[in-house]
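The same subunit A turns up in both complexes below, where it pairs with subunit B and then with subunit C.
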Partner chain A sequence: MERILQLFANGVMAGAVLALPAIGFTTIFAVLRFANFAVAGHMAVGAFAGYVVNSWLGLPAWAAVLAAFVFAASIGVATDHVALRPLRGYRALTVAIASIALNLMVENALRFGFGNAPRNFAIPLMRDLSFGPIHIDPQQIENTIIAVVAMIILFLFLSLTTTGKAMRAVADNPALADSKGIDPDRMARIAVAIGMGLGGIGGMLIGLDASIDPLIGFRSILSVFAAAVVGGLGSVPGAVLGGLVIGLAEELSLLALPSTYKAAVGFLVILITLTLRPRGLLGPRAA
Partner chain B sequence: MINYLISMATFGAIYAMLALSLNVMWGMAGMANLGVVGFYAVGAYISAILTTRLGAPVALGLVAAIIGTAVVSALTTLGLARLRDDYLAIVTLGFAEVVRIVAENEAWLTRGTDGISGIPQPLKSTLGPDFNLAYLIFCLAVLAATVFVLERVRRSPFGRVLRAIREDAQIAAFSGKDVLVFKVKAFAIGGAIAGLAGALYGHYSSYIVPELYVPLLTIYIFLALSAGGLGNNWGAVIGAFVVVFFLESTRFFVEIIPWLSAERLAAVREFTVGLCLLLILIYRPRGLLPEPLPRLAGR
Partner chain C sequence: MTKRPSLVITRRQAIAGASALAALPLVLPSVGFAQASEPIRLAGLVSLTGGGSPFGPSDRMAHQAVIDEVNAAGGILGRKIEYFAEDDETNPEAGVRAARKLIDVNKVSAIMSVFASAVATAVLPLCWENKVMMLAIAAADSIAMLPHQGYFVRTQPHTELQGREFANFAIKRGAKHFFVMMPQTPFTDSVMKGIKDLCGPKGIKVSTLVYDAKKTSLRSEVEEMMRATPDLLMIGGYQPDDIVLAKDVYRADYKGTSIGFAYGLTPQFIDGAGKEAAEGIYSIEPVPAAGSAAYARLKTMLKRDQLDTYVCQAYDHVNLAILSMAKAGQASGTAIRDTIRKITDDSGVKVDNAPDGVKAIADGKEINYQGASGPCRFDEHGNIIEVEFRLNQIRDGKIVVVKS
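This part shows the complex of A and B:
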């Protein structure tokens, strides 16, 4: 029972972090309607941006989070403009494959600069906090808080600002939004910036928990996809819920499976979701 | 040098089989399989396990790899073929990762991360030093037979239905075609070819290990097929040889550019692979050899 509680707590915290890149992925899907695999590479971009700011420049965690967002967002918009924008209007599958090519380029640019060897953030090791039988690393609590704050800011942006509402309008009905004078290119840029930026923060938080290397995003991309698909592709609240579901499923799987099989859990959950409820839990559209 | 060329050509033939396999699924039926490497691994492991553990002859291993991978491929598709094509891409990527994880963990069957060594190389003791050349000729013969069969498939009514499904599955369904059955068959054929390629590799190198079967290999095959010409069997073969030539030739750059570490060189190589794939998709989406399409009446 104690073990279940512990895994449950771990799952919620891992899920909150996982939700960020999943929101990023689903936001880009909602506006541009293709599966953007380059989220993986931009998670790594964010992780390295945060690493440089934290370990090389010695700035605190909040500055690193900001750097992760800004770098991943701006590199995301720039690469999208050059590499994927020429393919707008092509089949979703073609653009998705192009995004895999772009992802390979982003990851290898990082590999060229930083090498493959894993690196650690300069953060002090802290004693685990104990809540009764449950032990929690303070870093994980901090990560969860950062993730939740980022999500709250995003929800405020989407529901209160004109731009946020315009973006939801494009996601809902692109033709109608276009006829209302909403610039689709601008909305695409904002969606990519938010998507890759949140991916960048997510990548950095995963790195804070362990270590970073250019493939940090790619290793968790299946879990990210799984979270977005379970929640319903294109639904931001769905991605949050999906992140929690996948986080919990991966941790609780440890009760029955060796930890090496954790990566297969996301795949199983995708299969089950797509078979039983292809739209996902909160999906706006049928698959 | 000649030995090096022979081994390069053998890899070219094996990659060409993989590109042909992807061409059936993606080129003809329009279903992008990001898990090609998973089927390649399944074929390699089936044949390796049968021949090393149970002492089966190589020929039986190859046949079992073809049939076994076709069955695995058909079963996975059965649940997936109804999915939108980009969902399918995500799920097949996951499938390949799961195959690799299983191969790493189920050591009782696959020897885990140690890999399986001592996979029999057919007629190695009889042929001695001529083995490599003989095996290359064998691979090329298998490749030629595969191209021959797939060209028949492409021209057959079956191939036409696959293209119809690719262009518009709904219209194909309206004309009374059972879309699901055709998709499963296309995946089974594609899977079988990838499985055979995997077995051919295992009996050539005599050693397989899970870390060989990474998603990067699938990207190489996507590059090969896109460069050669999606939907064109000959294009797939040529594209595969071009990609192998490019990957291998970059090895010699180490001598030309000594200030670049091996790691950075690998980064440059993979960056270039991504760049080429992207440029082809943007500027030459039909590849070097465009898909031969039947002429429409009146044009």
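This part shows the complex of A and C:
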């Protein structure tokens, strides 16, 4: 029982961090209708921006998180404008493949600038806290809080602001939103900024737990993709739920399977979910 | 209406064909001359990114430095040597793509210094099918057992041997329970076997856990290790997963001793994991021949005070390939395969570099190449025969040799 509780706690915290880039992925999909795999590269951009602010400039973790969002969002909008926007008229698969190429370019630009060596944030490592039989790393708790705060801000933005409501309108029915005078280009830029920015925070949080290098997003993107698909592509609450489901499934699978099958578990969950609910758990048009 | 092709040869076509045939002997010698004057092509399939990236850039520099030196001395067999380097990304898919380019486009005779066992396993069939020699670092036992027809040698001791070194460490420290954590690799089983074979009869309990190296957190795996309460832990991955593992082990407040492969526990590992998490971890490393003339020469060439074993092996790979071709009088993968065991003759003149060796061969002498990584003698499977290990420990953020 203790083991199950420990794995459950690890799964929830891993899922919360995973949920941020998954929300980013799904937000872009909701508005632009293609799977943007360049989120992986922008996770790395966010991680390196946070690293520079924290380790080089000596600023605290909250400033690093802010920098991760701002840099990943800005670079995301710029790269989207140059590389993906001209392809908007093509099929979703074409743009998705182009996003893989863009991702490689972003990762290699980081490699050119920072090299391949892993880097560590200037934040001291702490021993685990014990809650009875459960051990939790204070950094994990901090990461979970940051992820939850970022999600709350996003939900408030989407629910309470005019721009957020306009974005939801575009995601729900682009033609109707267009007829109401909502600028689709502006909404696309905002969606990309939010998506890449959240990816950037996610990359930084993963880096706080492990270390950062240009491939930090690449290693996580399959789990991010799995979370977004399981939750229902295009659904922000779905991405949160998907992140938790994938995080929990991967950790709890250790009860029955060797650790090497962790990655496969994510895809097993996709298979089961899509068989039972083809549009994901909270997909926009789920019955 | 389209004109149908005719099978009848016209007089004009017959004259043109006969003229071409008559001119053939005039053209052929020049084709032969062109081949002879073409450079000899060698390649480094090195890890510039991924888990092997701490070593690939230096390996490439060593290759290039030796080839520049040989070319400056006039090349071999009257030809210059051209060097190609490709990044295998420490990833078999990328490695195969790069190897195909080197073999099919660049037409290289040898592929050198392949670091990761997964890459070597994937690329070696391409090598033997195309008669290209592979001189590798990759250590998984299974690679040498492939039907490589001799187109494979490696200078890194094979992994079961390395596993036995870890077992010896456990025995000497009087360990009671050795917990071995390794990623899924082609050498995982053989290392674990080497450890179990020696530790079992000594009454040391050995537990093993194979993890997914791509994961950004290994907390649950570390929790499993902590529940087993071992007094000795093996952090047995490449650099990126060693960082993740070491951090989680530190957070879990593990009190026992930790050890791993030196190729994973590098100075960059200390930077990535942080000094606290890295402190006290031991590593086992094949010893380069630090007292050899080749080692001193390589230090001068690369302008470094210390060399790791992998750059020494890369230096030896390129020297071995060049000297084998010079000895064979032919520039091909098959020539290297057939001659590589003939340039370490005990009765030969000792040489530590290609230009001196090429000169000695030209003078009709037998040679005995003495490498920077050690004596480069191989068994029938391509495994290095003579090798020694040293024990390092991370102390105050630095890697210190504890026992050599």
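Some observations on this one:
Rule of thumb we're sticking to: the second predicted complex is superposed on the first by the 284 of 287 C-alpha atoms of A that agree within 3 Å, B and C clash if a C-alpha of one lies under 4 Å from a C-alpha of the other, contacts with A are read in each partner's own complex, and residues count from 1 in each chain.
The working rule: a residue touches a chain if its C-beta (ideal position, glycine included) is under 8 Å from a C-beta of that chain, and two chains touch if they have at least 3 such contacts.
A quick note: this is a predicted structure, and the numbers were derived from the prediction, not measured.
After superposition on subunit A, the partners subunit B and subunit C collide with one another.
When the two complexes are overlaid on their common chain A, residue A:A188 makes contact with neither subunit B nor subunit C.
Using the contact criterion defined above for the overlaid structures, shared-chain residue A:F225 touches subunit B, although it does not reach subunit C. By the document's definition of touching, both partners, subunit B and subunit C, reach A:N116. In the superposition on chain A, A:A98 makes contact with subunit B only, while subunit C stays out of contact range.
Applying the stated contact rule after C-alpha superposition, one finds that A:L20 touches neither subunit B nor subunit C. Contacts of A:V31 after superposition on the shared chain: neither subunit B nor subunit C is touched. Residue contacts after overlaying the shared chain place A:I270 against subunit B, while subunit C stays out of touching range.
Contacts of A:M126 after superposition on the shared chain: subunit C is touched, whereas subunit B is not.
When the shared chain is aligned, subunit B comes close enough to touch A:A83, but subunit C does not.
Within the three-chain superposition, the subunit C stretch that clashes with subunit B turns out to be 99-107, the only such case among 99-107, 225-233, 297-305 or 369-377. Annotation: subunit A residues 111, 116, 258, 260-261, 263 touch subunit B in one complex and subunit C in the other.
Contact residues of subunit C toward subunit A in the complex are 48-50, 53-54, 184, 209-212, 214-221, 223-224, 227, 239-240, 243-244, 247, 250-253, 268-269, 271-274, 276-277. Of all residues in subunit B, those touching subunit A in their complex are 30, 32, 34, 79-80, 83-87, 89-91, 93-95, 97-98, 101-102, 104-105, 215-216, 219, 222, 226, 263-264, 266-268, 270-271, 273-275, 277-278, 281-282, 285.
On the side of subunit A, the complex with subunit C involves touching residues 3, 6-7, 10, 14, 111, 116-120, 124-128, 135, 137, 139-140, 206, 209-211, 213-216, 219-220, 251, 254, 258-263.
In the complex of the two chains, the subunit A residues touching subunit B come out as 34-35, 83, 86-87, 90-94, 96-98, 100-105, 107-109, 111-112, 115-116, 218, 222, 225-226, 229, 258, 260-261, 263-264, 266-267, 270-271, 274-275, 278, 287.
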